[in-house]
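Sharing a structure with you now.
We call the chains A, B, C and D, going by the order they appear; numbering starts again at 1 in every chain.
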Amino acid sequence: MPSSLTEFLRNFLLLPPEGSTFSVSADRLHFVVILTTFAGSFGVFLTAAIFIIRYRQRDPDQTTVHVPPSRLLEAAYIVLPLTLFVIWFFIGFRQYVYTETPPPGAMDVYVTAKQWMWKFTYPGGPNSINTLRLPVGRPVRLLLTSRDVIHSLFVPELRLKQDVLPGRYTQTWFTLRMPGRWRILCTEYCGLLHSEMRGELVALDPAEYEAWLANQRQDLNAQRDASASGPEQQAHPAPSLAEQGERIAVAQGCLACHSVDGSRHIGPTWLGLYMSRVPLEAGAFAIADEAYLTESIMEPDKKIVAHFQPLMPSYRGRIGAAEVAAIVEYIKSLRTDEVVPGSGQEPPHAPLTP
Amino acid sequence: MTESDQHSGRHVGPLTLLVVWLVLVGDAAANFGLFHVKLGSLQLPVALGLATLNFVLLLWFFMHLAEVRGTRRFALPVGVLYLLLLLALTLLDVTTRFPPARPNGLASSQPEAGASPAGSETNRTEPGPSRAP
Amino acid sequence: MPPLPKAAIQEQFGTPARQKEAATLAMWVFLGTELLIFSGLFVAYGEYRYTFPVAFQMAGSYAEHGLGLVLTILLLTSSFLATLSVLAARQGKRLATVGLIGLTVALGTLFMVLHLAEWWHHAREGALPGRYYHFDKLTLPGASLFFTLFYLTTGLHMLHVTIGLALLSWSALQALLGRITAEYTTPVEVTVLYWHFVDVIWTFIFPLYYLLARP
Amino acid sequence: MRPSPLDEEARARPNVELARWPDVHYLNHETSVRSWLFTHDHKRIGVMYLATVGVFFILGGIYALLIRIQLLSPESRFVSPLAYNRLFTLHGVTMVWLFMIPAIPSGLGNFLYPLMIGAKDVAMPRLNLLSLWIFWAGALLTVIGMLWGGADTGWTFYTPYSTTTSTAIVPVLLGVFVIGLSTIATGLNFVVTVHTMRTPGLGWMRLPLFLWAIYGTALIQLLATPVLGLTVLLVSIEHFAGIGIFDPALGGDPILFQHLFWFYSHPAVYIMVLPAMGVISEVVCAFSRKNVAGYRLIVISTVGIAGVGFFTWGHHMFTSGQSIPASGAFGILSMFVGIFTAIKVFTWTYTMYRGAISLRAPMIYLFGFLFLLVFGGMTGIALATTSLDLHWQDTYFVVAHFHYIMVGSVMLAFLAGLHYWWPKLFGKTYFERPATSAAAVVGFGFIATFTPQFYLGNMGMPRRYAFYPPEFQWLNVASTGGATILAIGILIATVNLLVSLRYGAIAGDNPWGSGGFEWMGTTSPPAPHNFTAPPQFPAQPHDYSVAPRRTLPRASPP
């Protein structure tokens, strides 16, 4: 479709600007479907109107003959719409699969929703409330979870929404195509201030984004310096999520059983654990992704690594989702070269550390 | 009208019923016995298979489905069909979800699922041997 | 044909055969509906057993397996007697009908008693649903869901057993009062159909909740 | 009596006679309140259902107007956010369970289908009365629950919000459960009646299409309602006891609730729409004086909708975290169910071809219905197109869509049916002029209310918002304007019908000269037991190859 036509249709249908690459393709299908809808409903309506005028009643006792439609006509009005519908379905479903399947290497942002605010956590720090800053032109994956009821993250400009569920994660991804400031709306009814649960997506040029990120980390740093009491505490580089994870792991006593240098201890080592193939009892294997790591923290007895004893206590209720995410990021950061799967390939979900 | 001839079909006599009752009890006992044999992943299908046998016998002889005609014959089977379709489509969703999107969040993915977090393979095995005792 | 009991034919029906057909059809259709009342619980069972396979099998291993078999046989036998009562009613044997239904009711009541005892046993151990769960032998997540579903499913089933017992007692009373004749057996046939349905549901509850072994 | 032009017309035509008022009919053979409350007569039960749903329709409409007033400005303080949340829940619950689900099947259906199959009554008249009482009990429970503490969850009751909200949700859920029991009783009665009570010789493929629609509806009611019943009970138990079945903290899955809920609530759309389609099949034949083009196709599509409509429920859940393969399966199944509606629309349009169309009020409602059904249905297909749903889900586009297809078509078909069968129900004709203008105003008002909402959805306004960003205001104002027009139209139609009860002309047995079975063999209003002799129905309903007998309405009082 020529761009002037799509621009006209977009304005005619009052659609917001096309902020993501997905929204461009979705809009093309949108135009076709909606124009067909208009054509179909006005077509039926006008045909009926013509029949009223042409075949209006001339006598209250007028008789008519039964005119069954021909087989061909009947077949036509089954097959034609069905063909259209099925074609739309396949195009739409392809787009759906595309937008539900994040590419490897997408930048991860954790989204936590609660009544009635959004919290965005960048793996390399910082956190932000209700404002999501993202770079243009880079695939971004959102990993969403809720702390209370179901919410739904919706940005009209991205033509995307994803429900946010408590106690579990959902995901969505997109690539922004232009800078802008767009509303984030909650679209799953979540109680009293549902309509006030709004955030803002700020799409930035990559350079601007990097500058902002660096600035944020410096601020965080400065804050921590200000609050630091011990003289021996030095100015670390930014306190990334992984570093927070390390502190939590120490505080929770994880490192009493798990080593970070590859040595065998009471529990399996964390070095190179992430995305490795972990042997379980009875010859099964698990891939140590985020899901497995979190499960092992929350329900350690569910999958015991071969040749280890089920001794670890469950941390369910003892640490929250944010802390688990931090520990997982910490484990992710403990990598050795040989355990990265898919040699020569960027490891998926690489933490955002400069 | 065929539906009116209630007893046009075979009559089920008391002797048949007695035999059926013995088979039913035997079947339940067999199910109970097989439970003590470690069947592993076959346990559920076998148990449900035997239960279905009992279900069919109950329906056909005790509930006189053999005797009735017309719509009455289809009413309960239609219910069964819709139950199975509800079950099948819901389980289609549950078994193919993005693993962290199951209850308990990241905590309950299956071992093979980790290959790709977005992976949605359907061929995940049921209770694997890989779990803790 | 001897005259039918008073109020046996309602005026909207032309013939007694029609009326009997309508009554049994209504019961069959109603049973299809009843089955779907249970469907939600079976679907929940399917999902949670898939999600928490170990917890479910561990929890199932604490079920009263032997009692499960006893309960199953009780219901099967009561169903058998109930069918015989229909045959007796069709032959106009009043006392046999009443006696067989009476036996059915007795077995059903025994089922209820044993089943409630089992509930009591689980409850004393702390295997209660949801947030009341404090069964210390099994702390796996998902185990409480097994017991939630166990209580819900068997509870709904028990509700049906209770209704079935009430209906059976009512039809026994009808037979005792001579309102059931060889030509007019509809109340007995319909209530016995309902009673079989109770058994049909139990046929699946038994393997799903009582026959789970430790993995 | 001096001869009037009516008399002359009646004399000139062999098949026409002057309207007569029957001496004894179902309204006057007993008149005490007791005789109404304990009646087994399907006609009286139908009329009581109609009166009840009429009241709830007006109430639901008032709630809708309050919602529209709140949305006139972005930060309106007309009602508090809590009150707003309760208001839209109240509106949804009232309209869905107290108006749309019972309106046509239990109201018009109860009245008409024994007349259409030539039966004295339904198969289980006592159960029929019981279902009305249960419905009243459930409605009372729901309304009391809503007014006293009021649920604020929306009519969808999504967990875990519904299980944790501090508002009184349990009475409402139990009310819905009780109404469900009434629905099951009604559906059971319909199915058994159609199977066992047809007058001798009336085969399945001779049944009027309204009957087929009601039959399909009854099947859905029987198969879907129990699942809802169990689900709302589980939510109630979860709410006060915390059994964990849908609670993520205890391992439960909130999406399971959505599966079970939509397994009912998607077919529930067909519980509402199928009877509406049945009414339209009757109306289009009667006012085009044509046999329906493609009886068999309409029957097939009715049964098809009843059967396949169950397996599309997941298209409400594309964004919920449902898996990709499941979304695919539900998406394609939704496309197939759409085709059945398309078949019906084409068949109705083709029925008008070479007919003799008179533009009475029911026919004007029918034109509005056709537009709403096609536009609403096609936007439904658009919504089932998985990728497009990601933008539209839970926005005003969805609100507009389901108001078009569900509310609009049910409301217009209900009004069309009410006008068409008003003479049969009460023996009086409504006033044609105000009725046709009301029909036009209702149709226009409806489109004016909800078309802006499609645009709002495209712009991205989510549903259930008490406050909204200011750029959405102009369309919201337009929508409120439309709602005002709609309300005026409904007011005119209601007043017209009610006034005609007293001042309308005596209709006679068949004022339309309709070929529908319900107009044959009974008086208007019908006798207490419908038929005095077994009715002789023509080979096909809606046969206009010979002109059916017609009565001329006349103005004198009975």
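Here is the rule we go by: a residue touches a chain if its C-beta (ideal position, glycine included) is under 8 Å from a C-beta of that chain, and two chains touch if they have at least 3 such contacts.
Since this is a predicted model, take the numbers as computed values, not measurements.
Engineer: Which chains, if any, touch chain B and chain D both?
Structural biologist: Common contact partners of chain B and chain D, which must touch each of the two, are A, C.
Engineer: Please identify the chain with the largest separation between its CA centroid and the CA centroid of chain A.
Structural biologist: Result for the farthest chain: C.
Engineer: Averaging only over C-alpha atoms, locate the centres of chain A and chain B and give their separation in whole Å.
Structural biologist: Result: the chain centres lie 37 Å from each other.
Engineer: For chain A and chain D, let me know how many angstrom lie between their CA-based centres, rounded off.
Structural biologist: Measuring from centre to centre gives 39 Å for this pair.
Engineer: Approximately how many whole Å separate the CA-defined centres of chain B and chain C?
Structural biologist: Roughly 17 Å separates the two chain centres.
Engineer: Would you please write down the residue numbers of chain B that are in contact with two or more other chains?
Structural biologist: 3, 70-71, 78-79, 82, 86, 90, 94-95, 98, 101-105, 107-108, 128-129, 131-133
Engineer: Where in chain D do residues touch two or more other chains at once?
Structural biologist: 195-196, 223, 227, 248, 251-253, 255-256, 259, 321, 324 - these are the residues of chain D that touch more than one other chain.
Engineer: Quick one: which residues in chain A touch 2 or more of the other chains?
Structural biologist: Those would be 100-101, 165, 167-168, 170, 298-299, 301-302.
Engineer: Counting only chain pairs that touch, give me the topology of the graph as line, ring, star, complete or other.
Structural biologist: Looks like everything touches everything, fully connected.
Engineer: Taking the complex as given, what residues does chain D use to touch chain A?
Structural biologist: For this pair, the touching residues of chain D are 13, 15-16, 81-82, 85, 152-154, 156, 158, 160-161, 164-165, 248-249, 254-255, 288-291, 293-294, 297, 318-321, 324, 327-328, 331-332, 335-336, 338-339, 342-343, 345-347, 349-350, 352-359, 367, 370-371, 374-375, 378-379, 381-382, 384-388, 390-391, 393-395, 455, 458-460, 462-469, 513, 543-547, 550.
Engineer: Quick check: in the complex, which residue numbers of chain B touch chain C?
Structural biologist: The contact residues of chain B facing chain C are 3-4, 6, 13-14, 17-18, 20-21, 24-25, 28-29, 31-32, 35-36, 38, 43-44, 47-48, 50-51, 54-55, 58-59, 61-64, 68, 70-72, 75-76, 78-80, 82-83, 86-87, 90-91, 94-95, 102-104, 107-108, 126-129, 131-133.
Engineer: Applying the document's contact rule, which stretches of chain D touch chain B when the two form their complex?
Structural biologist: 195-196, 223, 227, 248, 251-253, 255-256, 259, 263, 310-311, 313-314, 321-326, 329-330
Engineer: Help me check something: in the complex, which residues belonging to chain A touch chain C?
Structural biologist: Checking each residue of chain A against chain C gives 298-299, 301-302, 314, 316.
Engineer: Which of the residues in chain C end up touching chain D in this complex?
Structural biologist: Per the stated touch rule, the residues are 10-13, 18, 21-22, 25-26, 29-30, 32-34, 36-41, 43-44, 47-48, 51-52, 129-133, 141-142, 144-145, 148-149, 151-152, 156.
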